[in-house]
Amino acid sequence: MFPKNTWYVACTSDEVTEKPLGRRICNELMVFFRGEGGEIAALEDFCPHRGAPLSLGFVKNGNLVCGYHGLEMGCKGHTVAMPGQRVRGFPAIRHFPVVERHGFIWVWPGDAALADVAELPHFEWQGNPEFAYGGGLYNIACDYRLMIDNLMDLTHETYVHSTSIGQPEIDETPCTTKVEGEHVMTSRFMNGIEAPPFWKANLRLKGLPDDQLVDRWQICHFNPPSHIMIEVGVALAGKGGHEAPEEFKAASWVVDFITPETDTSIHYFWGMARKFRVDDQSVTDQIREGQGRVFAEDQDMLELQQRNLLAWPDRKLLLLNIDGGGVQARKIIDARLAAEASLAKAA
Amino acid sequence: MFPKNTWYVACTSDEVTEKPLGRRICNELMVFFRGEGGEIAALEDFCPHRGAPLSLGFVKNGNLVCGYHGLEMGCKGHTVAMPGQRVRGFPAIRHFPVVERHGFIWVWPGDAALADVAELPHFEWQGNPEFAYGGGLYNIACDYRLMIDNLMDLTHETYVHSTSIGQPEIDETPCTTKVEGEHVMTSRFMNGIEAPPFWKANLRLKGLPDDQLVDRWQICHFNPPSHIMIEVGVALAGKGGHEAPEEFKAASWVVDFITPETDTSIHYFWGMARKFRVDDQSVTDQIREGQGRVFAEDQDMLELQQRNLLAWPDRKLLLLNIDGGGVQARKIIDARLAAEASLAKAA
Amino acid sequence: MFPKNTWYVACTSDEVTEKPLGRRICNELMVFFRGEGGEIAALEDFCPHRGAPLSLGFVKNGNLVCGYHGLEMGCKGHTVAMPGQRVRGFPAIRHFPVVERHGFIWVWPGDAALADVAELPHFEWQGNPEFAYGGGLYNIACDYRLMIDNLMDLTHETYVHSTSIGQPEIDETPCTTKVEGEHVMTSRFMNGIEAPPFWKANLRLKGLPDDQLVDRWQICHFNPPSHIMIEVGVALAGKGGHEAPEEFKAASWVVDFITPETDTSIHYFWGMARKFRVDDQSVTDQIREGQGRVFAEDQDMLELQQRNLLAWPDRKLLLLNIDGGGVQARKIIDARLAAEASLAKAA
C-alpha cells in the first residue's frame, strides 16, 4: 500500500548511461534510458512485439532498441521503427513521467495526467555548490513504512548502531514531533555530552578537537510519500548547538529516499550532504564508507521485523512518544492513500 | 500446456550409465536406468515402499534397487524382490514408453497405450557415419514455446548474438514460411555478404578462405511437439549457396530438442551436426564450445520474457512476418492439444 | 501435524550463552535467553513495541533487551522497562515452558498450563559420569515422521550407509517390534558377522581386535513425541553379544531428538553416548566426526522423499515388517494428536 500519484526516486543519474536500466518500482517493471539529448525516459519494460524485456536492449539515436528482434521504441512508448516492418499499428506501451534533478531520477508511477513537476521535493543541498554529497543504494526486504519508522525514531541508534552513532543520551533525551501540513518534524537536542565515534571522526575531519563535550542535534524531516532528510551534527558545547557558527560545528544532512519495489521490499537511497571540505573527494568517500557500514546494520532488523509482521498479521503494535514521527508520517500517507482511493472510485 | 502423447528427448545416452538418472519431464518425476541388456527403462521416481526417490538407488542385475531399503524394481514398474519380503502384492508404479536412438533417449509422457515408435522423428544426420555431432544441455526457466519462437525466428541473431552469428543482413532479408502437414519450414537466403565470426571460423576449419563474400542460408524445420532442426551454412559467393558443391561451403545442421520440464521451464538439448572432418574430435569440441557460448546468450532474454508474460498475462503479442514460423508451429501444437483434450473427454 | 503439548529439544545448552538464540519450533518463532541466575527462558520472538525480533537483542540484568529501541523483556513475557517510557500497560507476549537438563534445553510449545516436568524423558547416559557424549545438529527439509521411520528401521543402513555402518546382514536378519505403553522397541541381533568399518574403528578405539567375528545388536527405542535412542554395538563373537561383559564389546547409545521446525522441516539433534574412554575428548571428537558424516548421508534421501510425498499426496505407502517400528510410533503420535484435538474441542 503506497501512494502512486507521487514522485519516487527511481535511480541515480549515473545508473543510466548509454545502457538502459531495468528496475521494479511500486510493483511496476520499468526501464529507464536516455533519449537523444540525454533526457531521461521511463517505460514499461515490455516490448510490444513479443514481451521481451527492453532493459536488455540498447539505445540508438535516442530510441531504445529491443535486444531480441530490434524493435525501436521512442521515449513516449510508441514504436518508431523495426527492421522490415511497418510499425504504425503497433500498440503503445505505457510511459511514466520522469524527471532528472541533481543526480537523481524521479518517477511518477501513478496516473501520468496528474504528474506535476512542482510537487518534486527540493532540499537545500541539492544543486548547491556549498554542499558536497555522497551516498549509496541498498535493497531491503521490508515494507517502506518500516524504514520510515526507523528513520523518524532515532532512539534505535543507541541499540542498532551502538558502536558508531549510538549513545545512551539519545534514549534519555525526549524528542518532540511537530506537523505542518504534510511535513513532519521530530527533533532531539542533547547538550553537553561526549560525541560518539562517528562524530568524533567528523570533528577531526573538520579540524575540531574530538575530546571536548559537545551539543548534539537530530532533526528528522518527513515529506510524503517517503522522503526523509535529517539534520544531524555536533557543536562544541555551549557554542549554540544547531545554531552555532560554522567554525564550531560538524553538521550534515542525512538524505533518505525510500522507494517501494514491491509491497515488502524497497530501494533505499541513502546519503549525506555536508558543507565542509566540499571539494575533497576523499572526505566524501570516507563518510560514505562509514555511513554505508552504519546503515547496513539496519537490514537484518528490518527484514526480520517484516517477517514477524507477516507471521503475526493481527497483532497491534504500540505507539509511544518515540514513535510520534512515524505515526504522523503514516497518517499523512494514509490520507494520500484515501485520496487516491476516492479518486479511483470517482473515475 | 504441452502435448503428452508424443515423444520428447529425456536425456542423452551417456547420462544413463550404470547409475540411474532422475529428471522431471512434462511435470512428471521420472527415473531412467538400464536393464540387464543395457536397454533403457523409465519409471516414476517413487518407490512403492515408502516413496523414496528411486533415482538415488543403483542397478543390480538389470533391476533398479531403491537406495533406501533395497526394494528391487523391474523395468515395467513391478517390484521384483525385496530382502526378507514377499513382494507379489506390492502395487506397481507407472512406467513410461522409452526408446534409445542415436545417442538420445526418448520418452512418451502420455498414455502408454498410444505410444508408437513409428512417430519418432528421424533426422538425416542421426546414425549416419558421414556426419559428426556434438552438443549440450541447458536448463532454462521459460515455457517451451518461447524457445520454439526463438529458433523459428533467427532475426534475433542480429541482436542477441551480435558478436558471433548475428549480422544486419539477417534483419534486412525477409524470410518465408511454409507448412506441409505438421512440418513448418522458415527459410532465409542472404547472398553476397560478409560471413560473421562464427562462420569465418567454420570456413577456416574446412580449409576455405574467410575473407571472401559468401552466400548464407538458414532453413528452420519445426516438427511437433518441439523438435527443431536448422540447416545453416555459408558457401563462397556465387557457387550455388545452399545447393553449392561440398568443397565450396561450410554447412551444419543445428539440432534443438526442447523438452518441457514444468509449465515454465525446459530441458534444452542443443547441438550441431556437420559433414566435414567428422573424425576430428577437436573440431567437434571447438564447435560445441562456440555454440554453447552462443546459445547461453539466449537464457537471460527468455527467462525475463517469461517473467514479463507472467506479469502481464492478458497482453496480446504481435504476430509479424518474422514470427510466421513460431505462429505456424503453435497452430500445430494447439491442434495436438485440442486432439488430446477431446480424447480425454471421450474417455 | 505434531503434538504440541509435549517437550521437544529446542537447542543445546551451549547455543544460549550471553547471547539470545532465535529458533522456529513447531511453527512458532521463539527466542531463548538466560535470566539473571543463568536459568533459561523462552518467549515469542516478537517485541510488543514494534514487532522487532527480540533474538537480535542482548541480555542485561537477566532481562532481554530489544536490539531495536531498548524495551526490556522479562522471563515471563512482561515488559520490565523501556527508556523514557512507562511500561505497565504494555501487552505481554507469550512465554513457553522451558527446562534445561544435561546439556539440552527442552521447550513445551503447547498449552503452558499443561506443561509437566515429570514428562521429560530421561535417558541412562544423561548426567551420568560413566558416560561421555558428543553430537551435532542438522536442519533437514522433511516431516519429522520421516526421520522417525528412518531411525526405527535400520535396514536402510545397508543402502544409505553402505561404506560405514551398513552391511548385508542387517537386511537378512529380521527385526522384532514390541510396544509397551508409549514405548516402541525394535530390535535386531546379528551374530557371528564381520564388523563394518565404523565398528572396526570403535573396536580399535577400545583396544579390541578388529579382525574377529562379532555379534552385533541394534535396539531402537521410540518415545513420544519424537525421541529415539538406539542401543548399538558389537561384542567379540560368542561373548554374550548385547549382554557381554564390558571388556569384550564396543557399545554406544545413539541419541536422536527430532524437533519439528515447520510441517516439512526439522531440527535434528543427533549424538552418541559411550561408556569407554569417557575422559578422552579426542575420542569424542573422532566419533562425532564419523557419526556426522554418516548422518549427513540421510539428508538427500529424506528431502527427496518429502518432495515425492508432496508430489503424490494421495498415494498409500506400504507397511512392511521392517516398518513396524515406524508404524507403531505413528500410532502413538496419532493417539496424542487425537487427544489434543478432543481437548481443543472441549475447550
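The first chain written gets the first letter, and so on, giving A, B and C; residue counts start at 1 in each chain.
Definition applied: contacts are C-beta pairs under 8 Å (C-beta built on N, C-alpha and C of every residue); 3 or more make two chains touch, one makes a residue touch a chain.
Being a predicted model, the structure only gives us computed values, none of them experimental.
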Chain copies touching (subunit A, subunit C) - same or different residues, decided at half shared: different
A CA-based fit of subunit B to subunit C gives a rotation angle in degrees, as a multiple of 5, equal to 120
Taking the mean of the CA coordinates per chain, how far is subunit A from subunit C in Å? 47
Where in subunit C do residues touch at least two different other chains? none
Where on subunit B is subunit A touching in the complex? 149, 153, 155-156, 158-160, 171-172, 174, 300-301, 304-305, 307-309, 311-312, 315-318, 320-323
Along subunit C, where are the residues that touch subunit A in the complex? 29, 45-46, 48-53, 55-57, 65-70, 82-85, 90-91
